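Two complexes follow with subunit A in common, the first pairing it with subunit B and the second with subunit C.
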Partner chain A sequence: MILGQESYALWLSALQKTSWVTRGSLNPQETERLGKDLVEGISSTVITGSLSASLKKTLEDISIIGVRSGFTPSETAQFVFSMRPYIGDILHTKDYTHVMTLLDEAGLYTFETYLKTREEIIVNQRQDLLELSTPVIRLLDGILAVPLIGTMDSRRTQQIMEKLLNMIVETGAPLTILDITGVAIVDTLVANHILKTAAAVRLLGGNLIITGLSPSIAQTMVHMGVDLSSVITRAVMADGIALALDMLEKEIVKKQQPGNQVKETK
Partner chain B sequence: MSNRIDIRNESDVVVARQIARQVASQMGFSLGDQTRITTAVSELARNIFLYAKQGWIEYQEITLGVRGRGIEFIFQDQGPGIPDVELALTVGYTSGNGMGMGLSGTKRLMDEFDIKSSPGKGATIRIVRWLNK
Partner chain C sequence: MNKSSIVKIHNALVVTLQGEIDDRTALELQQEILQSVIRYQVSGVVIEISQLDLVDSYMARILSETARMIKLMGAETFLAGLRPMVAVTIVEMGLNIDGVKTALNLEVALEVLKGGR
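This part shows the complex of A and B:
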C-alpha cells in the first residue's frame, strides 16, 4: 500500500536518472517493481521496527543485480538511499528519525549482501582455478606430464594426486614428469606432498621424475635438510623428457630423407 | 614500526609469504636469501594455522651495530604450545603428520631463531636474517 503517490512517483523518476536505469541494468518496469517492494517493505518495517524477511529478500535482489551489473557498493546502495528525500512524504510520517534509521539499516544491508555475493563469486572462481590449473597431460606414449603452477595447498595437492593416479591407471603410463617451475616455494609441506605422490606412483608400478627446481629452491632444501634423494630429479623439463625416453628405451629420431638408408630404431 | 599479518586460514599463509618475499626483495636480499626467508615464513605461518588455528606475524626491519640491517619476523599464537622445545627441534619428530623438519629446517635457514612456549600458553617464535654476512 503506497500512501504518498506523488512523492513515490518523484522518487521513481529520480531513480530512472541513476546509473541503475541509465546503464541499462534495470528497465523501467523492473525498477517500478523493486521500488514498490522496497517501499512496502520499509513501510511494514516502520511498524515492526526490524527488517522483515520480504524486505531483506528485496534488498538481496537489489544487491545481486548491482554486483552482476558491475556497480560499486555505493552505486548499489544508491537504490535505497535515493529514497531519502521522499520517504517521509511517501509514508506520510512525522517520525522522521525513526524512518531514516530504518532506511540506513536497509542501505547497509545491501552493502552486506553485496559483499557476500562478491565473496561467493570469488569462492566459485577459486574452485574453477583449482580445476583449471592442475592438468595431467599425455606427453608421449607412456609419459605423463603435470606442470604445477602457484600455491601447493593441501586441497590442491590432494586433487592433483588423485587426478594423476587415476590417469596412470587409465593410460598405464610408466613414467610421470612433475614439473614445479611454477611453484614459488617448496617448504616441508610441499616436499612431503612430492614424496608421498612419488611413493603412491611407485605403488602403481610407475616412476615419478621431478623437474623445474630452481637453484635457490634446491639450495634452500639442502639447508633445511629436506632429503629428496629418493625421487628422481632433473633441473629442467627437457632433461626430464630425455631421461624418461631413455628409461623407456625410446628415442626421437629425425625423419628419414628419401634415398637415405633406413636406420633401425626401437 | 612493525607490521602485522593475521593468520586465520590457509590462504593467509600464502599472503604471509608473498609479503615476506616482497619485503626481503625491497631490502635488497639476494634471490637465494629471499627464498630462504620466504620458505621460513611459509613454514612457521603454516605451523600457526596447523597447530594453533590462528595467530599473527609481526615483522620489521631492524638494525644492530655490527650486524647492520636485518629483517625480523615474530610469529605468535595462543594455541596448545610446544611442550618440549628441544624435542620439537629434533629432525624427524612431528606431533602432526608432517616431515618433522619444519622447525629444525627453519632454524638452519635463518641467522637467529628463538622459541618461547609453554603448554597451553601458545608459542612465540622469533627469526632474523641479516642482510650482510
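This part shows the complex of A and C:
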C-alpha cells in the first residue's frame, strides 16, 4: 500500500527523467510498474526487516534490464537510490535510519545481481566462442582437418577431443590433420594436450598428423625436452595433406582437359 | 550380465564384448579367447567393444595382457569400435593399452587382417 501518493508521484516523475527512460530502456508504463513493485516491496520490508522474495525478484528484474541496456552498476543501482529523498514521505515514517539501511541493502542487491547477470553472459559467450573456434573439417575423403586457433587450455582440448573423436566415428576417417599454426603459445602443457588427443585418436583406430610446427615451436619443444616422436609432425599443412594422401595411397592429378580438377586415383 | 561372444570369421576371431563384464568374467573370457586361437588356428583376433560404456583400469590391463599373450601365440590383436568417451577416459586416466592395434570398426580390422598388412 502506498501512503504518500504525492511524494510517490514526485519520485516517479524524477525517475522518468533518468537515463532509464530517456535512453529508451524502459517505457513509462514499465517504469511505473517497477516503481510500484519496488515501493510496495520496500514498505513490506520495513515491517519484516529483511528483503522479501518478491522485492528481490523486482530488484533482479531491474538489474537484468540494466545489464541488457549496457548501464554501469551505479546507473543500475540509481533506480533504487533515486528513491532516497522521497522514501520517508512515501512510507510516512520518521525512522529514517531503518528505512535507509533497507534501501541501501536493496541497492546493493541490484549490484550483486548485476554482476551475476554479467557473469552469466560472459560464461555463455565463452561457450559460444569455444564452439565457434573449434571446427572439424572434412578435408578430403578419409581426411579430417582441425585448424586450432587461439589458446589451448584443458577445457578446450577436452572439447576439441570430443568433437574430433565423434567426427572420426561418424565419418570413419582414418586420418586427421591437426594444424597448430594459429595457436598463440605452445608449451609443455599444450604439447601434452596434443599427445593426449593423438593417443585418443589412435585408440579409435585413426591417426593424427600435427602440422604447423614452425621453427620457433620446434626449438621450444626440443629445449623443453618434449617428446613428440610418437606423433607424425610436419611444418606446414600442405605437407601434412600430401603425407595424408600418400598414406591413403591416393594422389591429386592434373586433368587432361583444360581446367584443373581434383581427382582421386586408387 | 555377460553377453559376450566369440565367433570365427575366415582367418580371424571376432570377440564382441557386451554388457557388464566384471573382473572374473574378464579373466574367463581371456581364457576362452586364448583357447579359441589355438582351436581355430586364426592369424588375428578382433576385439569389438563398441557396446562397452566403460573400460576401467583392470579391463584395460586385461585387454593389453590378452593382446600380448595372443602375440606370443603368433597372432595379431585388433581393438575395434572404441567409443569416443571411452577413448577419452582411457587417455585421461593414463591407462596403457600396449601391444594392441586399433581399428575404427570391425570392418576395417577384418580388412586389414585379410590384406595381411
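One rule holds for everything that comes next: the second predicted complex is superposed on the first by the 256 of 266 C-alpha atoms of A that agree within 3 Å, B and C clash if a C-alpha of one lies under 4 Å from a C-alpha of the other, contacts with A are read in each partner's own complex, and residues count from 1 in each chain.
Here is the rule we go by: contacts are C-beta pairs under 8 Å (C-beta built on N, C-alpha and C of every residue); 3 or more make two chains touch, one makes a residue touch a chain.
Every value quoted in this text rests on a predicted model; they were computed, and no experiment measured them.
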TODO: Judging by the criteria at the top, classify the pair subunit B and subunit C on subunit A as clash or fit.
DONE: fit
- [ ] Go through the superposed model and pick first if A:223 touches only subunit B, second if only subunit C, both, or neither.
- [x] first
Open item on the list: If we overlay the two complexes on their shared chain A, which of subunit B and subunit C does A:92 touch? Say first, second, both or neither.
Closed with: neither
- [ ] Would you sort A:162 into first (subunit B), second (subunit C), both or neither based on which partner it touches?
- [x] second
- [ ] Identify the partner contact of A:192: answer first if only subunit B is touched, second if only subunit C is, both if each is, neither if none is.
- [x] first
- [ ] Using the superposition on chain A described above, determine whether A:204 touches subunit B (first), subunit C (second), both, or neither.
- [x] second
Task: Touching partner for A:57 - first (subunit B), second (subunit C), both, neither - done: neither
- [ ] Compute the least Cα distance separating subunit B from subunit C in the superposition and give it as a whole number of Å.
- [x] 6
- [ ] Flag every residue of subunit A that touches subunit B in the complex, lowest number first.
- [x] 151, 153-154, 184-189, 191-192, 195, 214-217, 219-220, 223-226
Task: subunit A-facing residues of subunit B, complex - done: 10-11, 13-14, 17, 21, 31-32, 34-36, 38-39, 42-43, 46, 91, 98-99, 101-102, 104-106, 108-109
Task: subunit A residues touching subunit C - in the complex, by the definition given at the top - done: 158, 161-162, 165-166, 168-169, 172, 174, 196-197, 199-206
Task: Partner subunit A, residues of subunit C touching it in the complex - done: 79-80, 82-88, 90-92, 97, 101-105, 108-109
